[in-house]
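Consider the two complexes below, in which chain A is the common component and chain B and chain C are the respective partners.
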Partner chain A sequence: MNNNKTTRALLGTGALALAGLVTLPAQAADAERIIRDRCLSCHTETGEAATPFSRISEQRKTPEGWMMTISRMQQQRGLVISPEEKRAVVKYLADNQGLAPSETAGLRYLLEKEPNVVESFDQLLQETCVRCHSGARIALQRRTEDEWKNLIHFHMGQFPTAELHAGARDRAWFDIALTNVAPKLAKDYPFNSDAWNSWQKVIKKDLTGGWAMHGYVPGKGTFDASLHATKTANDTYALVLEGHYADGTPLAGKGRAVVYAGYEWRASLTIDGVKVRQVLAASADGNSLEGRMFERDDEIIGGSVKAVKGTAITAVTPSYIKRGERKLLTISGNNLKGNVKLGSGLKLLNVVSRDANRVVVLAEASKNAAVGSNTVKVGSVSAQGALAVYDTVARVEITPSDSIARIGGAGGPIPKQKSAYRAVGYAAGADGKPGTEDDLRLGYMPAAWTLKPFDEIAEHDNDIKYAGTIDKDGIFTPGDAGLNPERKMSTNNVGNLSVVGTVVDGGNSVQGEAHLLVTVQKFVKPVIE
Partner chain B sequence: MKLTKIFKHAVLASTMGAAAMLAGCHNATTVAESAPATINGMKAGGHEYILTVTRPNQLHIVDTETNQLVRTCDVPGVFGNGGIAMSPDGRIAYVMTNKWEDIYGFDITNCEIKFSAKQSYSNVQVKSFISMAVSADGKELYTVQNPVRKLTDRFETMEPRLAVFNTADGLNAKPARTFPVDRRITKIGSMQNGEVILGGGDLKAIDPKTGKVRMLKALQNWDRAPDKWVPPDAFAMHTMGEHVGEFIMPYFTIRWNGAPGDESKADFLWGHVRIDTKTGEVESIETVPFEFIVFNWVTDPNDKDILYGSFNQLSKHNVKTGETVKVQPMDHTYYNINMTGDGKTIYIGGTSSDISIHDAETLEKIGSIQLTGDMSTADLRLARLK
Partner chain C sequence: MKHLKSFNKKAKMLDQATSQNEVEEVVAMQSIVGCTSVNDPGWEVDPFGGLGSLCQPMESDLYGCADACWWPAQVPDTMVNHTAFGDTAPKANEDWRKIDSVFPEE
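Right, the complex of A and B next:
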C-alpha cells in the first residue's frame, strides 16, 4: 500500500513537471485524478455529479485554507502526496471551490498576515469559536450545514479539551456549537452562494504586463517600483520588480506568482536577498492588485501595496503640505503623462524629474491656502484627496493602536515577534478641535519613537528595562525568551508598554500613544491564525 | 479520648490479632512481628507519602517524614495530565497516561504494574479528563470516558459515560459496566456509600451499580436570580481532599449588589463545594474574596474552616469569616497543593520541577524537593500506606 503510494507520488511528480505544457482542462483532470488516487482511501465517491467526493466537495476555501487541510491530512491522517501533486490539488480546489472576491472582502487581513487586527464578530460566534482562533478563519470558509456540523465533531476529536476551556466549561459548549452555531454558519457562510456562482461565470483577466507598484516596508519606508509579469503557464507568472525607496535607495527582485480563483495573487519574490511574499487581490477589471507584501521569515515586516496596470496614480508622497511650506512631492503611478495639477492654493514651482511611473515636483502652499484635501492630477488621470493642505498638526494617532509583540530567540526555536508602528497626523479641521469628526487626515508622518510603562504595575516591575526596545523607524524588538532570574518570580521578559510617537510640526511637538503588550511565544503557528 | 494503660494494651492486642487473621495462609507470626512497620522497605502502617508525575512520564513517591524521593516509576506511553488516583490501602497508584487515554496501576512499594487499561478501542478515541477514582473498598476503578468515533472521513462525537473497571482484572482490563453521564465532567471521587461524585457543570452522584444519577449541588443550573449572581465557573483540575476524607471543588462567582454588570458594587467571590465522603454531607458557600488565583483548596485537618490555596502565592483563608489569614509569596507559579494528615506540612507542586514545602502554621518555606522533570498539570496526591 505504502509502496504503491510512493510510486504514484513519483509518477505524479514526473507528470507535473510537464504541467506548463498542458491545457487547463488537462490540469483539472489531472487534479481530479490525484484526488481519486490520494484521497479516496478515506473519502468516498458519492455518485453525485455536483459533489463527487465525500466531505471535500461540500466545502469552499481560500488557497491557504485548502493548503492547511491537505497539510493536516499529511501530518495526521497518513496522506502521502508529492509537493507537486499538492500544489495541483490546492490550485484545482481553490479555483473550483474557492471564494468570490466579495466573500473575502473585509477579511483579507487574515490571508495578508496583517498583525494586530482587532476583530468584531457577533457574540455567539465570539464566545463559541473566536475565543480560540480568528473569526476570519471561519468567515473565509463556505460549507453546507452538515459540513459545519462535521467541523464541530472534528473539534471534539481533534481538540478534546475545547469544551473545558474558560468560556466553554461554564455552558453546554458542544450542544451550543452543534445546534446553534452550525445552522447559523450555514446561513451566514453558505456553500451555495450567488456571489460564487456569478464569479465563476466571469471571464478572468490576464494579469500579464507592466504594473506600477507602490508600497511600504517598515524600516525602509515607502517605495515605487515597476512590476513586470510574464505568463509562464496558466495562472502562473514570472515576476521582475525594480524601483526605489523614498530615500532613493534602489530595490530589485525576482519571483513567481500563481493566481487562484481568478484573482487571488500569491507571489514569492526575493528582493535584495530577502525572501518576501505578496498576498494580493486582483480587481475584476484586471487593472489593479491590492494587498500586503511581507518578509517570509518575519511577517510583521510588511505593509500595504498597490499595483496598477492602466493609467493611474497610486500615491502622492508625502500626502500633506503645510500652509506656507515649500516641499518636494512624489506622484507615483502608471503612464503618468501630461500636466501636473495640485489643486487650489498650491503652486507647482518646478518639475524636478519625471518618467511614466514617477513625477517629482517642487510645490509651495500659499499662506492662506484652504485647509482640506486636494485632488492631484497628472494629465487626464486624477487621485482624489491625495494631498492634504493643513495649518498645524493637531493630533497624532499611532497605528496599530493595540498591539502584541512576543519574546523569542535566545537560542530557542521560536524567533522574536516584533511590532512596527507608524504615526498618522491630523489637522483639527474647521471646528478647530482635534478628535472630532471633521479632523483632516494628513497621512503617515515621520516620528521619533520612545517607550514608557503602560501603568503603575509595569512601572513597578520595571517592564521598560526588560521587555524590549524601539528603533528610530518605529520597529519594536522584544526581549529574549526564557525565565529571567533578575525579575520577580523569575518571570519572562514580558511587559505592558506604551509606544510614544512624537511628530515635530514647525516648532511644536505632537505626541500619540499606542498600547503594546509584550508577551510569551506563540507555540503553534497555523497557516491561518 | 483518653485511654487507660490496660485498655491501650487491649486495643493493640486486638489490632495485631486482626492483622494476623487478615494475613490468612501467610506466615502469621512474621506478619504479626513486622506489621505495620514496612512493605518492601517502605514505612507502612498509615505512613504518608506524596505522589506526583513529571515529564517525560515518571511517577514519583516522596516520604513526608524525610521529604526524600523514595521511588520513581516509569509510566508507559507519553505524558497525559499526570492524574493519580490511590487505592484505599495506599499501595496502588493509578496513573492516567498517554494523552488521557490509558491507565496503569503501580504498586508504589516496587513500581510493579498491577493494573492497566487502554480506553481507546477500534476506531473510537476515548479520553478522560482528570476523572479517575477508586471505590472505597478498592475493588473498582472509575473513569469518565469521552469517546469520539473516528470514521474514515469524519468524526462522530459520542455520549460520555462512566466506565467501571474491576481492579482485580489486572492487565488489559476492560470496563465491566458503563453508564451515560453529562458532558464536561472533570474530577470525580468515591463516597463510602458506593456512589461516585461527578464534578462537572453541576455536582452529581452516580450509583456505579445501577447508573442512577442524583444531584448533589446544582452550580451552573443553580436556582439563583441571574440579576444577583453569575453562574459559577469551576476550573476543576485536580482531585484532592483524601487527607481528610472529602471532595472539594472551588468555583468563581460574582454577586451583583447593584445592577447586573456594575462591577463597582459587585463582590467577586471564591465559592466551594465540599462533600464529606463518609457522610455525603454537602457544604457550599461563597465567602473568600477573589483576590488570588487558586486552582484548588485544601482543608486544614485540624480546623475545617481553614483552607489553603496556591498559585503565585500560598494563602490561608477562613471560609467561615471570609478572612485572608496569611499570605506567603511563592518563587514561581505552582498549580497544585496538598498537605499531610496531621495538618502540619503543606506540599505545593505542579507547573515546574520542584515541590515547595511549607509550614502550615507560618506558611514559611521549610524545604524543597527537586524532581527530574516538570510536573505540568500533574496531581499531587497523599497516599497512606497501610
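Right, the complex of A and C next:
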C-alpha cells in the first residue's frame, strides 16, 4: 500500500474544484467557513485580521506541508473533514500562507520526491532535527519564533524519547532545541518575509495553452511531448499530453492540474495506462514549467521535465559529439523556426526532419574541432552550452552516487523500493587530467550495468545473490521482503553493493561506480519525507 | 586507539573506519533523504555506512523499535502516535506479510 490517496487529494478533483464557476473570494470564504466549522473545537479565533486563527495563521507551508498537517489532525486529533473540504482548505492555506518561489529554491527535491538526495544542513539542525527526517521538511516551512518553539514542544509530547536517541542523550537536547534552534529557525525561515510579501503582489500568469515538454523516464529514455492545458476552473486545468520517446515509441495521456500559490503545479495524468504525477514550478513570466514527473505507484520511476510556452529550446539530445564523428542530434523545444547553427567545428550535413517542436539533424564534428561546450541556435533562440564536443570519455560518473533501495513485496503490503541509475560522461578538459575542475561534462551516455559486492563483508555474506538485480536500463530491483532462512541468522535480503556502469567510447570502455545499500522497508509513509 | 585492542566485531569495524573517505561515505549514506542518522544501531544504515551492525532480520526487533519510538520517521511508534501498529501481527517474524506502513488519510 502507499499514500496514493493523499497525493490524489492535492489534485482538487472535489466538488469545489469542479464547480468551475466558483470565484476566488467565494473559494476563500468557503475555506474559512470550513476552518471555523472543523478546526475551532481546538483552535480559536484571535480577533486579529492578519492572524485570524490561533496557530494556523502563524505558519506558512507548501501544499504538501498543509496536507500533512491536516492529515495529522485527522489521525491524531480526531479532526473529521471530508476529502473535498480538506482540498479546499489546503488550497486556501497554500495560496494565502504558502511559500514564494525563491523560498522553495534548492529544496524542491523533497516535493518532487527525487530519490537518493544527500542533504547537507548545518550541524545544529543535523543533530537536533535532521537525524530523523529531512532538513527540507523544516526549510519548506515558515513560522514565527513562538510557532517554531511550539513545534519543539510538540515533538517532546509526540515523540517523547526524541531526547534519548543517539545524538540527543549526550547533550541537553531539549534546551538546545528551544534556546538555540528555534531562534535560528525563526531567523532563517521567518513567517514574515519580503519574498512572500512581494510574491503575493505579483499578478499570476494563466498557464492555459500549448506547452512543449521534454523529459526523461527510466527504462524508456528521453521524450518530447506537447502538453495542452485548458482552464476548467480557477487554478485548475485539464491536460492532454502527446508525444514520443527518443526511440520513436509514442506516448499519450490525459489528466488535470491544480496550481497552488500561483506557481506550484500539481498534476495527475494517466499516460499509456500508467498513473503519473507532475510536481512542477511555473516561472514568474508563465513561460516555463520545471520539476519532476514520476509514476504514482513507483515514485523512483521518474525524471526531470521541462515545459516551455514561448519560443525556446528545451534540450539537445544527445548532448555530445566526438571529434571526427557523425551523429543524429535532436533539438527539442517550442516554435523552432529558422536556421540551425551548431557552433564552430561542427558541420550540419542534413536536416533529417523538423516541426515546431523538434528538429533532427545529421551533424559532423571535424577531427580538429575544439573540445568544449557549443551553443546551439535555431533561428533566434539559442541554448548555451547545450552540445559538448569531446575527444575522449575520460571518466564516467554514476548518478546517484550514494543510493538506497528497500526490499519489499513477496506477498507483503509494502512494495519494493527500486533505484535507478544513469551514467554521465566527462572529457578531461584542457589539463588532460580527469577528475579536475576543468573536466567537460558531456551528459548522459548509454551504459551497460552490473553489480558487485561493495566490500569484503558483502562478499563474505554473498549479498550479490540475495539483494537484487539490475536491468539493462540501470534500474535496480531489490530482493523480496521477509526473513531468509538461507542467510546467516535468517537475515533479510539486504546488501551492500556497488553499481557499475560501463560506457563504450570508440575502442575504450570507461567505468564508473555508485554505492547502493539495499536495506529494509520503511513503515511510515509521509506526504513528504 | 593505539593502546587498546578492539574487542567485538563492531568495535573492530569502527577501528578500521579511520580514513576520511570512509567517514564521508558513512555520512553520505546516512544523509540520504528518508534515512535516519540515529545510529544506535541504525535503521537503514549502521554507524559504519554498512549493514553489519543492524538488528537483522529486522522483524525480530521491529516492535522493540516501535514501542520505544526509536525511529519515529521509519517505524510507527506505539508509544503515542500509532498505538495499534502491529496489532494484526503479534509475531512479526511469522506474520510480517500482515504489517503495512502507516500513511495519511484522504
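Throughout what follows, the second predicted complex is superposed on the first by the 510 of 529 C-alpha atoms of A that agree within 3 Å, B and C clash if a C-alpha of one lies under 4 Å from a C-alpha of the other, contacts with A are read in each partner's own complex, and residues count from 1 in each chain.
Keep this in mind: contacts are C-beta pairs under 8 Å (C-beta built on N, C-alpha and C of every residue); 3 or more make two chains touch, one makes a residue touch a chain.
Just so it is clear, the structure is predicted and the values come from calculations on it, not from any experiment.
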Chain B versus chain C as contact partner of A:T44, first or second or both or neither: first
Chain B versus chain C as contact partner of A:S498, first or second or both or neither: neither
Chain B versus chain C as contact partner of A:I457, first or second or both or neither: second
Which superposed partner A:P160 touches (first chain B, second chain C, both, neither): both
Which of chain B and chain C A:S54 touches, first, second, both or neither: first
First, second, both or neither for A:Q521, with chain B first and chain C second: second
Which superposed partner A:T144 touches (first chain B, second chain C, both, neither): neither
Partner chain(s) touched by A:D170 [first = chain B, second = chain C, both, neither]: first
Of chain B and chain C, the chain that contacts the larger number of chain A residues: C
Partner chain in contact with A:M489 - chain B first, chain C second, else both or neither: both
Residues of chain A that lie at the interface with chain B and also at the interface with chain C: 157-158, 160-161, 166, 489-490
In the complex, chain A residues that touch chain B: 42-44, 54-55, 150, 152-154, 156-158, 160-161, 163-164, 166, 169-175, 489-490
Chain A to chain C touching residues, read off their complex: 1-3, 5-6, 8-9, 67-68, 71-72, 74-76, 83, 86, 109-110, 116-120, 126, 130-134, 136, 157-162, 165-167, 401-404, 406, 410-414, 454-455, 457-458, 481-484, 489-492, 494-496, 515, 517, 519-527, 529
Chain A contact footprint on chain C (complex, rising order): 25, 28-29, 31-40, 43-45, 49-52, 54, 56-59, 62, 68-77, 79-81, 85, 93, 96-106
Complex contact set, residues of chain B against chain A: 100, 125, 127, 129, 146, 148, 150, 152-157, 183-184, 186, 201, 220, 231-235, 312, 330-333
